[in-house]
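Labels for the chains are A, B, C and D, by order of writing; each one numbers its residues from 1.
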Amino acid sequence: MSQPAVFVAERRVEFCETDAAGIAHFAAIICYLEQAEHAFWRHLGLSVVQALDAESHLSWPRVRVECDYRGAAKFEDQLQVAVSLVKLGRKSLTFSFRVSRQSELIAEGQMVTVCCKVQPNRPLASVEIPGSIREKLQPYVQPECGE
Amino acid sequence: MSQPAVFVAERRVEFCETDAAGIAHFAAIICYLEQAEHAFWRHLGLSVVQALDAESHLSWPRVRVECDYRGAAKFEDQLQVAVSLVKLGRKSLTFSFRVSRQSELIAEGQMVTVCCKVQPNRPLASVEIPGSIREKLQPYVQPECGE
Amino acid sequence: MSQPAVFVAERRVEFCETDAAGIAHFAAIICYLEQAEHAFWRHLGLSVVQALDAESHLSWPRVRVECDYRGAAKFEDQLQVAVSLVKLGRKSLTFSFRVSRQSELIAEGQMVTVCCKVQPNRPLASVEIPGSIREKLQPYVQPECGE
Amino acid sequence: MSQPAVFVAERRVEFCETDAAGIAHFAAIICYLEQAEHAFWRHLGLSVVQALDAESHLSWPRVRVECDYRGAAKFEDQLQVAVSLVKLGRKSLTFSFRVSRQSELIAEGQMVTVCCKVQPNRPLASVEIPGSIREKLQPYVQPECGE
């Protein structure tokens, strides 16, 4: 069985992201997860906001995020954010993230996003993930524990 | 059995917190949870950063956050963030949050914080929650489901 | 000659706005200016985003900001942001801000915004400030130095 | 006369930095200036926070920022932030920034920072810029207009 692919985004801690405790604020880490996800889409040759036609586009609103903080990151630390998928559903994705500073773990998180069609003057509607996108995501799906 | 107390913080969505999807960014909601927690500490006559003596203070670093997004909040929406406790541990707290716009639910989240002593030139050390603080928190602890 | 009116917004420094220097980050202060401006619009019974009809609205994009930092604000400091106008132009406004913690000055800034009409599928176009809005702003215009 | 050096930092607009007007929020641009300044320090082999000895370090608090917005940047735009110096004072620096998207100008700003010594339990004190740092900054000083 081949190993699932992992995409790694690099991120330096910026000063405006630190807090008075001297470390990257916990909500900044949540933004790092999103930014790594967006870099992952670009890595696939796509974007988290993908035009369908002149009027409408696909987007991936997040419906859940969770994050466990295992260490602290400081100003100018160079972090690695590893992105993979723990679930590729019919209409939704569950991303898994590991934020580390070399071998030291800083945070682990998951995020659930839903494939939606955005059209002018129409409510956001969830849609099935198009086959062409599903195909590009497949290599990043981790086998479930126990499989 | 008396009802557990709930503290409610009011929060208006600021423009800098919105994103290009026209709604409060999901990480801004995470900040609302923290801000409501801090307002809760002030409501108790305390602060999330509490001096112990001239040299040291108590602080509550967060080790976990999770949030489910149920609706969208827009610029200038007036939100209510209800704060209660689902667990009052020996050294840690598990907060529960409900973010709503009147009767409409926007998000539900939980956050785990650990009681730590901060001293100069010493690593952060978790400590038992002082009795005087425990007493003030007790009324906000929700009974577990099934109890 | 009567004194020009001044609107004062209250703002508490939130933890996520502090930085590793232990103070409110300088860009957070810029957001305070904007938030005070938006509170000022609400105080006038308006909004910085004002519907004109079903399709279009007025908005006030900022074209310039400047800020001098005179002191430092810390977590949970309660600040006052005083808003007045130094220029009420044909199409633009120049706001003046004083951020203080009681009698202590924290920052002084100015911001220039332009009255624009926003319409779907049309570029943003600057327009004359409507008379009804001009009338509400007039009391907040400071006399120029030397007048 | 040789041309002054210019340092250029690359910056992609992240989604959390956009606002409901669909563009990078004006305060996010202020953060871009700071991040470009910090990248500039690293480019010189230094950091905006520079250890002097075990107890103290040099830091550069900002005392003034100004920015003129000339265009709008959107999500995933790749921006260039050009950094140079318009004044190298005895104790302070005046940085000049040009934010552009290839040939299109997005914003122009200036920032004044003061060389300060940070010591535990001592108030922040401005100090003369050390000669070794001054030497590294010199090539980036732009000649004044008219010279």
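Methods note: a residue touches a chain if its C-beta (ideal position, glycine included) is under 8 Å from a C-beta of that chain, and two chains touch if they have at least 3 such contacts.
The structure displayed is predicted, hence computed values, not measured ones.
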Remaining connected clusters, assuming chain B were absent and nothing shifted: one piece
Maximum centroid distance from chain A, chain identifier (CA atoms): C
Chain centre separation in whole Å, for chain D relative to chain A (CA means): 30
Centroid spacing, where centroids are CA-atom means, of chain A and chain C in whole angstrom: 35
Multi-partner residues of chain A (at least 2 other chains): 15-16, 27, 31, 34, 75
Footprint of chain C on chain A - complex, ascending: 15-16, 18-20, 22-23, 25, 27, 74-75, 120
Residues of chain B defined as touching chain A within the complex: 21, 26-27, 30-31, 34, 59, 61-69
Touching residues (chain side chain D, partner chain A) in the complex: 14-16, 31, 34-35, 38, 42, 47-49, 75-76
